[in-house]
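Scrolling down, you'll hit the structures one after another.
One chain, chain A, links the two complexes that follow: it is found with chain B in the first and with chain C in the second.
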Partner chain A sequence: MTRQKRSHHKLKRAVAPYLYLSPSLLIIGLLMLLPMVTVIGYSFQNSAVLRRDPSFAGLKHYQAIFDDPVFWASLWHTLYFTCMSVIFHMTIGMAFALMLNSDRINPTLRNILRVLYILPWLFTAVIIAVIWRLLLEPNGVVNSILMQIGIIGSKVEWFSSPETALHAVTFANIWAGYPLFMVSLLAGLQGIPKDFYEAADIDGAKAYQKLIFITIPQLMPIIISISLLDFIWTMQVFPLIWITTGGGPIYSTEVLSTYTYKLAFSSYNLSQASASAVVILLISLGLTLFYIRYQKAR
Partner chain B sequence: MTFRLKPAMLKIAAAAWLLGATGAMADTTLEFTQWWEPELPAGSLRAIMDDFEAANPGIKVTLVSGPYATTRDQISVGAATGTLSDVVGLDGAWVNNLNAQSALADMNPMMDASGFDKSQVADIVKVDGKAVMFPVASFVYPVFVNLDLAAQAGVTKLPSTRAEFLEAAKKMTIADKNQYGWVLPLSLQTPSGVQNDMMSWVWASGQSMMANGKPDLEGKPVVDMLTFVKSLNDAGTISPGIATKTEQEKVEEFVNNRVGMMIDSLAHVNLIRKRNPKLNFDLIPVPVVENYTGKRGLPYASWGIGISAASKHQEEAWKLVQYVMSEKVNAKLVSLANAFPGNVNAKPDFVTSDKAFGKAFEIFKTGYLANEFTGLPVAEDLMTQFDVQAQKMLAGEQSPEQAAAAAQKGWMAKF
Partner chain C sequence: MRKRHTPKDRLITVALHVALAAGLFFAAFPIYWMLSSSFKSNTEIFALPPTILPKAFTLEAYAAILGDPVKLRFFFNSYFVAGAVTVLTVLIALLAAYGFSRFNFRGKGILNTIIISTQTIPPITLLIPFFGLVVSYGIFDTYVALILTYLVFTLPYAILLMTGYLNTLPRDLDEAVAVDGGSSWTALWRVIVPISLPGIVATSVYTFLLCWNEFLFALTLTKSTSMRTVPIGIQLLMGQHAFEWNQMMAMSVLGSLPLLLIYLVAQRYFLAGMTAGSVK
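Right after this comes the complex of A and B.
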């Protein structure tokens, strides 16, 4: 083989993987990178989308949203909504997974519970929002039951009162999202070798000690992975909040997604909406990098 | 013979090709974007367009139809990119933004050139002196009264003034039975309650929320309206859940005998009858301030029509607009939509065949259409801002004067 042929062959070998990857790269570029870059571009323009000749705005729109107290309230609400959701998704998911994995429960009952517990996962966000609006409306079932058993003295406007609205939407989201944890943790629980528990029994370990020293450490990789993913997804929840409260009353459930939506489609300020979207992107990106690093470390 | 014919035929063919290529013989195809088609009986708008095509040989109409929100977004983007359809269905709340983008044609010169009788149209929406929209069909918002609840409460005379309305609402309210006098939807998801259920009180009394083209929310009319709404709330006559209630929920509560009175679109009459055929209700104009005897402003939402400034076929587009606004066609269209006509001479058939619509038509004819959000910049955003301040007031966080002042400050920033 001549030197020229050898170098040609080398080049072909080097290029071949990229050629195989090119259709995927093209699709990713068109469907993910291009919209992202476009929105980033809009955030630096005046009258983005609405004008054919938008001028360069620098960081003006970022400055405007950082000066807006509603943005900071939205950020705080987003963090509260996300953190509470993830914590309770994990706690409830773990409790139900342990219950479904327990030998002490009758197998028939276990199968029924398995179906019941996974039900919230089968509903779309819109259906969940409608269900909870009906349940929590002032004349709804929840108020009626709570009044009958004497927990509340008068009707509570769960979604319409600034004091309770954020807790109410967070509660609805917790109900909607725990099955992800439950299913993932149940799969993890079934993968823990029985020998560990037998050895612990021989050592005289109590149930809570087995939970703390065997179950949780064994499930830790799943808990961290799912928590990070849940954090990223919950931070971007829109339809549930939009349909239940629309971000109100008085901005009390305004989160970054509803704040951005209103800027874009109520104020038609697509430049500021883009700046807000970029902020959400940066927060999500930070969490994603954290997730990728964690996965690599494993 | 053959020898002589051939060059002649070739010439004719060449001329035909040239004419076709230059468009002289080609049909003009107008694109008409609107959200009306899905809301009308299937095929009915297409049938009207077919009639137009038959009456105007050489002009074809392509309907681009979608739900309201999709159409709104499509028109916004089309205006920005210069790809707006030749003829566009418009909501009055959009025209200011579209005009700012120079996306809508001024129809004044077209009206003058064609000798169009301006007196035949109910309204011409103008922005900066440019005639940019005609309301084609108007959906007015009277007060619906549950006559059975009124009778049970001892309300013998239906309210005509605000004071009478408050009294009637108080009488109809039995909170223990989940029954209330009035319903006010102020969800931020769709803040149109500000326009339909709050500002309608101002317009009904011939008043205005504007002064010299600028917001005047701190003026007496708006502050009085806020004070009145607050008094209804303080008296416990408004169905709870105001801050998240939507228009659909408002209608549901009325249908289910849970509220005695609501301000709502006439377009919902058939829906209400379908949901509760036994419901005994009547329509009245929105009550006015004491001693007001002038004409009543009637809040409305409309299907408007306009022409794209970028259209290459404005002459043909104007023909379509004229056709839709003509007496017979307009009557046909609004009869299908259960709306009131944009042409003052058109009489929809339902007003004679249906008592409720007939009554509403009388209210419509004795009053005037009033919706000051039409033509304002970012109208939905203005409603959202007012909505938030009204919610704060109803939550007891501020007075009507403070709510009006805060909303005024927010609105001024948008003008």
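Right after this comes the complex of A and C.
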């Protein structure tokens, strides 16, 4: 190769990665980063989107949101819904993973159960919402069973009474989301070296000691990173709540996403909705930074 | 060594199987109920006491869904949009993943971090500016609006999945092409793509699922009944006055079929995609 040809080749090699990345960067830049800037802009304008020449509003819309008791109620419901979901996703996922990993069950049974336990994961949020509405109908099968065994005395309107609605949507979400933990923890369990347990057996360790001193510490990195991701994603849940309760009754299941959606597309207050959307974005970004730092430290 | 067949040991095994059965009931009963209700008449659904197996097995709910051109259109829309987005996403992501996997360049680390963090951007935050954009470009209520907006959410996952896959392939293969004087473009299509099929399949499956499940954008960026997708169709069905629960369940079963089929046929690829977001 001549020197000129070689430098030409080098140049090609230097430019190539940017060419391969350019379609992706164009789409992410124009359709993700730019809209993020736009929504921040909207939140400082009066009648954003609706008027061609919106005037500057300053922090007015943020003020309006922070003065709105429904916003604070939504924030609280989001926290409750998210924390309970993550805690139970983890507990149920862990319990199922440990049970499936036990050498006390027959391998065929294990494979069948593994497929069946993943089932809730295969269903779209809308379909999950519809299934739980049918199950929890006042005349539905859950009430009928609970009354027969005497746990409840009369029909409960799970989704339409303010006392139970938030618990009911949280329960439906718990059911829908545990398989992510189960699958990840099962993979993690298979990665723990067998000699750890053999060494513990020689020392005469009991089963619960092996769980606390070997299994859980070994799974900790998976538990932490999945919990963080699950937290971020659960915080953004919209369809499940929208279809089951729509945020009601009387705001009792209003979460940040339904609150923002209603501001934007029921009240057409797109400026205030943008302010609320920015608040959600900031919470998500804070958690994401935490997640990325954790992943890098690993 | 574990001591087998002591009474205590047998008790633990029995307890474990009881717990497994309880877990099975928890996981599968709601789905069983959907399936069995879809074969019942609407009056039988609320019969007291509830019938576990349909007493009068009927396909009337399925006939009502499959005989209604409006509902078939929902299915067509869902397949069309998800299919188009999958093809576009896989192509674009493959190029980006090749760039990430086979080259070192300035800004690589920061670009990678940006792509990882875009996975967690709340859809509701982008919804309002998308609505503004879609209306001002006159593409409200069109396939283009849905395809473009879905692409933004599928692309980051697809890039990470594909990069992860390409990183597992030995570099000697494409270097052999370079020695023969071929460009990196030739290496990509001649060498990388043919051996990346498992990665491409996993990425396609996951992208298809994301699109099939999408609700918020379909709800907001389309309006006419002929543009609605399956999730919105189910919601519309529910909004009608009398609750046709058997039809709603039949539509849910039909709407879950692609996911169930993919899962049964390609479980490995399915799981690879579903856990992609969580493993680096």
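Here is the rule we go by: the second predicted complex is superposed on the first by the 274 of 298 C-alpha atoms of A that agree within 3 Å, B and C clash if a C-alpha of one lies under 4 Å from a C-alpha of the other, contacts with A are read in each partner's own complex, and residues count from 1 in each chain.
The criterion applied here is as follows: a residue touches a chain if its C-beta (ideal position, glycine included) is under 8 Å from a C-beta of that chain, and two chains touch if they have at least 3 such contacts.
Keep in mind that this is a model prediction, so the values were computed, not measured.
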More chain A residues in contact - chain B or chain C: C
First, second, both or neither for A:F265, with chain B first and chain C second: both
Contacts of A:G246 with chain B and chain C, given as first, second, both or neither: first
Which of chain B and chain C A:F159 touches, first, second, both or neither: first
Partner chain in contact with A:I292 - chain B first, chain C second, else both or neither: second
A:E137 touches, of chain B and chain C: first, second, both or neither? both
Contacts of A:V49 with chain B and chain C, given as first, second, both or neither: both
Chain B versus chain C as contact partner of A:Q148, first or second or both or neither: second
Shared chain A surface residues [contacts with chain B and with chain C]: 49, 133, 137, 139, 242-243, 265
Chain A contact footprint on chain C (complex, rising order): 1-2, 12-13, 16-17, 19-20, 23-24, 26-28, 30-31, 33-34, 37, 45-46, 48-50, 92-93, 95-96, 98-100, 102-103, 105, 108, 111, 113-118, 120-133, 135, 148-149, 151-152, 155-156, 159, 183-184, 212-213, 215-216, 220, 230-231, 234-235, 238, 245, 248-249, 252, 255-256, 259-260, 263, 267, 271, 274-275, 277-280
Complex interface listing, chain B residues touching chain A: 73, 76-77, 79-82, 97, 101, 178, 187-191, 240-245, 258, 378, 380-381, 384, 387-388, 391-392, 395, 397
Of all residues in chain A, those that touch chain B in their complex: 49-52, 133, 137-139, 155, 157, 159-162, 165, 242-251, 262, 265-268
Chain A residues touching chain C - in the complex, by the definition given at the top: 12-14, 16-21, 23-25, 27-28, 31-32, 34-36, 38-39, 42, 48-49, 95-96, 99, 102, 104-105, 109, 113, 115-127, 130-135, 137, 139-141, 144-145, 148, 175, 180, 183-184, 187, 201, 225-226, 229, 232-233, 235-236, 238-239, 242-243, 256-257, 260-261, 264-265, 270, 273-274, 277-278, 280-281, 284-285, 287-289, 291-292, 295, 298
